[in-house]
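Each of the two complexes below includes chain A, the first together with chain B, the second together with chain C.
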Partner chain A sequence: MRAIRNLLNQIKAYPSAVVGLCIIAFMITLSIYAVIKIPYREAVRLWKGGENVWIEYPRNARPEWFNLFYKEKQPVTIVMKTTETPELKTVTDLGNGIAAQDIVFEFDYQYDGFPAELSLFFTSKFTTARPNVEIKWITPDGREINMQSMSLRPSEAYRISQDTRLPRRLNGLQPEKGLFADPANPNKVLKGTYQLVVSGLVFEPEANIEATFVLYGKVHGIAGTDHLRRDISVALLWGAPVALSVGLVVAVGTSLTTMCLAACAVWFGGWIDWIIRRINEIVMILPLLPILIMIGLFYSRSIIVMMGCTALLGIFGSGILSYRSMFLQTKTSGYIEAARAYGASNFRIIFRYLIPKVIPVLIPGFVTQVPSYVFLEATLAVLGLGDKDLPTWGKLLNDAYSEGALLTGHFYWVVEPAVLLVLTGFGFAMVGFALDRIFNPRLRGL
Partner chain B sequence: MLSVETARERAVPAARRSGGNLWRITKYTLVKGTTLLITVIIAVYLTILIANMGGYVDKMRESELRFQIAEEINQNEELRLLTVQERKTYEEEVFRVRAKQLGLDRPFIVKSFIYLWNGLTLNLGRAIHLTSDAGSAYVDNIIGERLAPTLLVMASSQLLLFFSAMFFALFLSRRYGSRLDRLVVAMAPTSAAPAWFYGIFLIMIFAAVLHWLPFGGMIDAPPPPGFWAKVGSIIKHLILPISAFVASSFWLSSYYWRTFFLIHSSEDYVDMAKAKGLTGRAIERRYVLRPTLPTIITSFAMTLIGLWTGAIVFETVFNWPGLGRLTQQAINMFDTPVIVGVTVIYAYLLALTLFLLDIAYAIVDPRVKLGGGENGS
Partner chain C sequence: MPDLAVDMRETLQNAERVPVLKAVDLHTWFEIRKFGFFKAGDVRALDGVDFELYQGETVSIVGESGCGKSTLARTILGLHRPTKGKLFFNGKDMAEFTKEDMKAYRASVGYIQQDPYGALPPFMTVKKILEEPLLINGVTDKNERQKRIQSVLEEVKLSPIEDFLPKFPHMLSGGQQQRLVIARAMILQPKMLVADEPVSMLDASVRVEILQLLRSLQEKHNLVIIYITHDLSTVRYFSERIFTMYGARIVEKAATASLLANPLHPYTQALFKATSDPDAANLKTFKEVPTGEPPSLMNPPKGCRFHPRCAKIIKGKCDRFEPPEFHIGDDQSVFCWLYEDQGKQ
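== the complex of A and B ==
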């Protein structure tokens, strides 16, 4: 306990390490929050859910805070449902079982940008006679635009932005533009209160119309949305626990094993050394990434399998060689000789004298491993071999890249996961470099 | 692998030392070469075992054989007249016989050695979807075509990085504690992100926003006429990949080497040299660089090894038409023969790197010259 407090006191002397520790603490908090807020199953369901889950979300919307930096404010998504606010609907009985069901969606539009899309979704209840609706648009300056009249099936979607007849009534403008454009200046939005009026007629006493109006915005939430309308913040949140656990477990596991193996190989020499070196030679020739790719393609993309194989191959490989050459130098030192002379056991010599001696020199490598495994996960994901269920930062990058986010200017989509990856990587690296200087007496004060 | 521990400090008679140096180095190299060859064979065997655990190599061979037979039938005037049914039975018949000849019906253990031989000789048959730019569908042709671009970008960035970082580090170690030195220490953690990651940012800044440099690729499409215009275009396309590489590793490498040199320049013999009044440069060359040369070479080889496999995403991000991009394409198209071929090629490249490392060792490490290599492997 005192050792830890001591260490923390020493770390305080290095501002970069304090920053690093804060970043790590932030990431851990974020991970815990993610796991509590969105349980594993929910995260998987959300991320793999298609249109059904995300139908009321805009496509490729930027994060909402973009509005703070631009003079032209972009709209957020507006969703209005008669099921949630029944006041939107007025029913007038016309006798003979016929009733007029009028729905008025009224909203105040004070944004400078046009919306991305407009849609109306109907669900209706009837037995034989299909209800009929007439849809009308009323602008703030009182113009009335007839949009469509249709008879409804039990579930009907009227995608206003895709109505090809509408532009003819809107001076050739796309509906989402034309409906909002100022008649004097078609590139400007006419701000004010708009109304979407749905005049419905039902022909049976029990029949009913419910409608949902969605005005898809151009900005959404704190992280924006992707090409499948998914809220990116879900993957950003869930990427944190995945990255942290992958990085920590694999890095700590492999580097400790590697160091112990190298120490044993050097200390015992003989056939133990021979076997470890032979295995090492073979594993060094096995190219890690192609092997992981084959495993991912042919067997399983599960993150546990992939990282397990990484750890297995990571124990051997180039690391063990540099550890070994360090141990070889140390082995001939006088104090090891002295330890042997006073009769120290093999175990004691390896763990009390050999390993502590090389820790200082090896710590940079050791610590940069945490980020390197975090990035390995991202690398695999970018190659399209990410875990098939879990949303991760790497998968976000992969989606962004394969959808050409850089070419189409959706930079937020690339930058958000990238910044989190970088933060995690830098956080660990900063702490690691400070630890290096603390543990390495020869570097102290540099 | 480097049998340093067997190099005991022996008192070697002067005559013996001068006489057998060349022979020893040759022998050492031969021993190392053979060992590596055996290692490569085992590594490729493992690769094939992994690939075939799901039966993919089997399928690969069978479809290759069926394709051949169908081709032969198409080219044979008489056989082309057969009805569909007859043709099918004939095909099956030939397939059965040929499969037996090739040993496809034999137990897995026997087959795996056949695959091993094919893998080692890169006789992997046809790719399923991919073709080389020259139009060949053979895996070895495809891979051969992609090797040069990978070598170009990797070698140039790696050499630049290695030498610039090392000399910069030597410079730093002379004036440690300076502002520049502290800057390097502060910047070292930025190397936690791999080169492709920096690549994304560089592309975003210099290609997407500023439009100064191309998004990716190796040469303008269509290629400009004239040799020098082509070279210029390639250099223009090389700038971002190389910058990404250097940006990702320069600070850490400098930091690593600086620390390394600092530790080694506090050795007693360096102090001794200083006491003798040697110049800083002479001390660096003779007392710091010389004894640490083996470590430096090892480290260089390790970065090379890291780079071979690191190329895959790197080239994908930069759309660089090398081995890495090929791998990525093969993944997307599920082109098994190409993937196995690439893995084998990477194994060869790694082995070659290690072999060159060993030779370099034989040249710089006096302990090898003195006969340490005899107990080689």
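== the complex of A and C ==
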């Protein structure tokens, strides 16, 4: 405990390390928040969900905070449901089992930009006679535009923006534009209160109409959405625990295992040392990335398999040589001889006398190794070998790349995960370098 | 009743006669390998050493660097397995030791090293350093450990004890570090101490204190101390017997007084001549030191190992036949053909 407090006091002397620690703390908080807010199964379901899960989300919307930087404010998504707010619907009985169900969606539109899309989703209950609806648009200046009249199936979607007959009534403008345009200046939005009136008729006593109106905005949430309407923030959030756990587990796991193996090799010598060195020599000439690509293509893209493989190659990598040289030096030191003289067992000498000497070199080492594994995971995902289920930063980059995000102006799609990746690497690197200086005072002059 | 008294006396005498440590034709060779596989030869670091050590005795082993002193110490400590020959501890052959015997043996032999800082793990506190041998040798009771640490620190005069316990080795001075090393060697209450040049890395002012400390410990616990050094100026104050080693062998064994008065082996004589005394007269005298180099231990000279450097060489004998042990007087013996006529084999 005192050692940790001491260490923190020493770290304070390095402002870069303090910044690094803050970044790491932020990433850890983000990870914990992500895992609590969106449990693993939920995250996987959301990310694989497709159109049905994300139907009320806009496509390729920018993050909401973009509005802060532009004079023209873009709309956010407006969703109104009769199931949630029954006041929208008024039912008047007309006798003979016929009833009028009038639904009025009224909203205030104060944005400078036109919405991305408009949709109206119906779910209706009936036995034989289909309910009938007439849909009407009322602008703030009192114009009434008849849009459509239709008889409903149990589940019906009226995609207003895709209605090909509407533009004729709207001076040739696309519906999402024409419905909102100022008649005097079709490029400008007429601000005010709009109404979408659905006058429905049901012909059976038990029949019922429920409707959902979605005005898809052009900005969404803190991170925007992608081409499949998915909220990018889900992947950004879940990328943090994945990146951190991959980085930490692989870095710590490989360093510790490498160190123990090197210690055993040096202490026992003989054939154990021989075998470990031969494996190391073989592994040193094996290229990591091509092997991972082949595993991804032919065997499994599961993150556990991929990272397990990385760890396995990392354990017998070049680290084992540097640890080995350190242990060889320590092995001949007087206190090891003394320990043997008073009867310490092999196990005790390795874990109580050899390894503690090397720990100070190990700690900065694995802290600086963390980002390299985080980036490796991202690299694999960008190459299309990311985990099938998990939303990660690398997969966001992959999607952005394959959808040409940078060419179509959706730069936030690339920038957000990239910034988080760089930030993570930066944080660990800064802490690692400071630790290196603290543990290895000879570097302080550099 | 009288029978019993006789018995008692006999057992006492027998007990005196059984040496604590006895070496018979002790060899420790290290294999040299080519390409990691093929044997290229041996370094004969210890090549036929015999001696007996008795309870309460301090023996100095002197000789130049690379003559096998430290290898002898390590072989005695069980850090090297003898290639040939036997070591007996309290009359028991160490080659036949069981694991428990070996553990008990290691607990009864303390080791004091040359470089006190290197001998102490830099990442352990004083308390931890002293606790380790106790933990390894099955002292599980915490209070008992505490008590023994206290008493051993008192014995080596590291006080106030409470101040030292949480310190790390680098916070101690050289003399304090060596005291700590001695405390660690003493904490298992050994019968024998092996001190491998315990004062050569210390300041001259601290040396005497450390040697006095060792001396007092020896007297208090009736220890056997094997004191290895190349510094002849300290041996005369410290030991009862002196073994001179040259080229992986003992060349002369003698009681300290006899050896100092009358060194027999030409190598011992040369060694004594080379010792410097702080005397102004030495400034003008020229010392005769044997020419040549220490022998190769991979391929030692035939016959007497000192013959290539010896001024008194008997041609045809010294360079062909190995000298046997000649006993001169009661307490001196020498491996040299010069004494063939005076000594008995």
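Just a few scattered comments:
Convention: the second predicted complex is superposed on the first by the 370 of 446 C-alpha atoms of A that agree within 3 Å, B and C clash if a C-alpha of one lies under 4 Å from a C-alpha of the other, contacts with A are read in each partner's own complex, and residues count from 1 in each chain.
The definition used in the following text is that a residue touches a chain if its C-beta (ideal position, glycine included) is under 8 Å from a C-beta of that chain, and two chains touch if they have at least 3 such contacts.
Just so you know, these numbers come straight off a predicted model, no measurement behind them.
Using the contact criterion defined above for the overlaid structures, shared-chain residue A:L46 touches neither chain B nor chain C, since it reaches no partner. Judged by the touch definition given at the top, the superposed model places A:A344 against chain C, while chain B stays out of reach. Contacts of A:L385 after superposition on the shared chain: chain B is touched, whereas chain C is not.
The partner that reaches more residues of chain A, of the two candidates chain B and chain C, is B. Judged by the touch definition given at the top, the superposed model places A:G269 against chain B, while chain C stays out of reach. Once chain A of one complex is fitted onto chain A of the other, the partner contacts of A:F426 are limited to chain B, with no touch recorded for chain C.
Legend: residue contacts after superposition of the two complexes on their common chain; A:I145 is shown touching neither chain B nor chain C. Chain A residues in contact with chain B (one complex) as well as with chain C (other complex) do not exist. Within the complex formed with chain A, the chain B residues making contact are 1-2, 4-5, 35-36, 39-40, 42-43, 46-47, 50-51, 53-54, 56, 176-177, 181, 185-186, 188-194, 196-197, 200-201, 203-204, 207-208, 215, 252, 255-256, 259, 262-263, 266, 294-295, 298-299, 302, 305-306, 308-310, 312-313, 316-317, 327-328, 331-332, 334, 339-340, 342-343, 346-347, 350-351, 354. Within the complex formed with chain B, the residues of chain A that make contact are 16, 20, 266, 269, 273, 277-278, 280-282, 284-291, 293-295, 297-299, 318, 321-322, 325, 328, 331, 361, 364, 368, 371-372, 375, 378-379, 382-385, 397, 401, 406-407, 409, 411, 414-415, 418, 421-422, 425-426, 428-430, 432-433, 442-443, 446.
Across the complex, chain C meets chain A through its residues 36, 74, 77-79, 102-103, 106-107, 109, 111, 113-115, 118-123, 132-133, 136-137, 181, 184, 188.
Contacts from chain A toward chain C in the complex involve residues 274, 333-335, 337-345, 348, 352-353, 356-357, 359.
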